[in-house]
Amino acid sequence: MGRYKKVWIGLVFFLITGWGLVSETVAGSRVQIVGSTTVLPVASRSAQKFMASSKVRILVNAGGSGVGIHSVAQGRADIGMASRGISPDEKKRFKKSRLKTHSVGLDAVACVVSTEIYQAGVRHLTPTQIAGIYMGKIRNWKEVGGPDRQIVVIDKERHRGTRHAFMQYVFGNATQRTPGTLLVTGSNNEEQAKIAQSDSAIGMLSFAWINEDVKAVSLGSKGKEFLPTWEAVRQGRYPIVRKLNFVTAGEPEGEVKAFIDFVKGSEGQKIVAESGYIPVDDEIFQP
Amino acid sequence: MKVARGNDFRSGLSGIRSLDPAGWVFAAMNLVFLVCAVGLGGFLLVESVPVVRSEGLGFWLGENWWVGETFGALSMICGSLIVTGLAVSLVLPVALSGALFTSEYLAPSLRRRVKGVMELLAGVPGIIYGLLGVSFLTVGIKDVLNLLDGNTLFTAGCLLAIMILPTVLTLAEDALHSVPAEFREAAQGLGLTKLQTAWRVVLPQSLPGIAGAVLLGVGRAMGETIAVMLVIGSLDKVPGFNIFVAGQTIPSKLGREAAQALGSEQHWSALMGLGLTLFLMVAAFTFLGNIFIKRSSR
Amino acid sequence: MVEKAVLAFIGAITFLIVLLLVFILGTLLVKGLPAFHAGFLFEESRDFGLSGGIFYQAVGTLILMVTAVLWSLPVALGSVLFQTEYLSGKFKTFLTQLTYILNATPTILFGLVGYLFFGVYLGVSWVTGSLILAVMILPTLQVSIREAVEALPEKYREAGMALGLSRSSQIRRIILPQCFYGIVTGVLLGLARAAGETAAIMFTATTFSGIQLPQSFSDPVPTLQTHILVLAQEAANPQSLAQAWGAGLVLLGLVLMLTLTAWAFRTRVVMESEQ
């Protein structure tokens, strides 16, 4: 058993030290944050800054708003990131967790199209037009003033906060089913990449993700169209604005509270602005 | 001191010999292995019960997958079958050609090199293929075939074909090469050329082994998650006959939603149900494949 | 004439297939090397992976694969020895079949069931990940070890019997040392397989940001594989793609190195059994 003994002894030793480490360090030194990819840059960058002057480790994971809220409610995360509010259905399901929402910023959701479409003249879309596109009734860009090209309708996974806000505006139903969808994406990054790679796509994105390859169309009824800009949001004129939230189960305490206060404070809000969103104190509109 | 093992042992079905202390340790290790292997299938089965109870047969026949409302796996099952079928039809002629050439025409040293290259290729991680897929294949297919978008079932099928090519080729080559020399000598004695020998004698003889190779390739293609997830478009819809649209396979669905479903009873059960379906499909193909390969090596 | 044409055709196809490896390697090199600024291997990643290096990701991958083999080796060794030395008949065949089935199982399923088995208790952590990977590479190790054990010429066992050794002594003094190279081959192949695995660990062992080196058993780790996955989803951004290629090059290099070393050992196994 000579060779075996060594292996076994090694393993046992390994396990013992391991569990020792676990019990020592696991208590209170970790903050787990999960959720929306819209809020993720804010959380991640703030965490980096926060950790520079604190012994806490802050782990950030993506997954989407739904996953964030879910994880917090079930105790698998300390903070859930959500780019939407808690839905009535979620409130009912997680009543026991006493979920609390802490707003850390504002974001506008843009309806974006491929640059080629934008340059070909599609600068504005009404909710009716967008609804038609996503339901599959309008299939060609020329039906809405664009070139003669089939529309690549890009959708997001159903639980994503960005989608909730977008669908609420277009259909009045945050979880609308859209048979016209051609492609489904997950995170904001992925959606942006797919829209940029296509030359006739439409999609929904947080306005912080707009760049030269994806362009936002203005939204609103005739005569009152607005592009998603800071001014339009502040003046309450842009129709799809949402709060970026940290969600906790009950009142936050200790390190969690410290971090949330940090993000809501001046340093954190600076990071919010640098990430392309709007600081939460700037709000003037009524949600 | 116990007597060392001999060849006169007979113990019927179970075939277990008496155990010395070391033997108990080994038996324990074997038990761990057994638990892992059986536990995998067992857990899938047990965890699938809730969703099957609430959806019934509709779980496999329903097209709609709306989390929280209804779970229908038909789109994923169709997607898996279509993508795998596509991969196999693309791979078969290419792999067979390569196997034939390597087995019948290459000098032993070259043959070893080619097989070595194939084994290396077979070990390339799926994420690398995924990376190649999103940067070349999707854009390339979109441009060459003038499609609306390059994230389609067809793209996934092509990528999988490239992935399973090395495995299928090397196994098929084994099957061809293991045909005894007498067959070739007899054929050439009858006046057949080398190509005719290969085509009419060696190939038919090695069909079971080749079938086995293909089935194993099928198993691998059906189970690939990452590469498919990145290029398939993630659309839960039964595709009909048009394979140039986005779709979904079972593994890519699992990959996309696993993180979401953690802790959610019904959703998790639905994913396990998908997993069980996949497991059974792959197990069936792999089992068949192994039988064929064994049969060919006798 | 037709014969020559067909020959040329399938010869060309074979050549192109081999070229595939060259293409894959070449692409990774051409696209990946630019990302290799001075500190790529040893810097941490910055800006969500858009700049900086991959040090902690590489370490994470190494941690996962090494501990996976650590868990897996004793089980693989013990179970194979049990099957070859103490079993025969239908039970043995059944267990061999199980190995094949486990080997062919889609890896995402290991992640799913592994979460239930380990993750619920140990959380999303590197321990969970390494345990899951351990189960996944078990068949790989078993196949190599079994090959080596079964290739051992009977004369060794006969010599042991003639000397009157007990079975465990036989195993310890004769079989194991002779199969050493086979075991090493299995370990290296297992390491290579664990290194490349993404699906089983992406929701059971990793985190997007916040962890550099795990400080306890219940910490997640960053890995090369998931790092590439996140970057690959931003395919339109040339910078993130460049970083992805660089990380991919490192990962592929690691896998190839392990596989080639395994071959070197396997040749020695063959040589031993031919004596």
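Quick notes on this structure:
By letter and in written order, the chains are A, B and C; residue numbering begins at 1 in each of them.
Keep this in mind: a contact is a pair of C-beta atoms (placed from the backbone, for glycine too) under 8 Å apart; a residue touches a chain by one contact, two chains touch by 3 or more.
In this text, all values refer to a predicted model and were calculated from it rather than measured experimentally.
Interface comparison, B-C versus A-C: the higher number of contacting C-beta pairs is recorded for B-C. Farthest from subunit B, judged by the mean position of CA atoms in each chain, is A. Between the CA-based centres of subunit A and subunit C the separation comes to 35 Å, rounded to the whole angstrom. Subunit B and subunit C have Cα centroids separated by 17 Å. Contacts with at least two other chains are made by residues 21-22, 25, 138, 259, 262 of subunit B.
Residues of subunit A in contact with at least two other chains: 1, 4, 76, 186, 194, 197. Residues of subunit C in contact with at least two other chains: 74, 168, 172, 233, 235. The residues of subunit C lying in touch with subunit A in their complex are 48, 70, 73-74, 123, 127, 168, 172, 176, 207-211, 215-220, 230, 233-237. Touching subunit B in their complex are the following residues of subunit A: 1, 4, 63-64, 66-67, 70-71, 74, 76, 89, 150, 152, 157-159, 177, 181-186, 194, 197-198, 200-201.
Against subunit C, in their complex, subunit A makes its touches with residues 1-4, 7-8, 11, 14, 18-19, 21-22, 24-26, 30, 33, 40-41, 44, 47-48, 51, 57-62, 76, 186-187, 189-190, 192-194, 196-197, 213.
Looking at the complex, you find that subunit B touches subunit C at residues 1-6, 9, 11-17, 19-23, 25-30, 32-34, 36-40, 43-44, 47, 94, 97-98, 100-102, 105-106, 114, 116-121, 123-128, 130-132, 134-136, 138, 162, 165, 169, 193-196, 216, 219-220, 222-226, 230, 251, 254-255, 258-259, 262, 271-272, 275, 278-279, 282-283, 286-287, 290. Residues 3, 6-7, 9-11, 13-14, 17-18, 20-21, 24, 27-28, 31, 74-79, 81-83, 85-92, 95, 97-102, 104-113, 115-117, 135, 138, 142, 157, 160-161, 164-168, 170-172, 192-193, 195-199, 202-203, 225, 228-229, 232-233, 235, 241, 244-245, 248, 251-252, 255-256, 259-260, 263 of subunit C touch subunit B in their complex.
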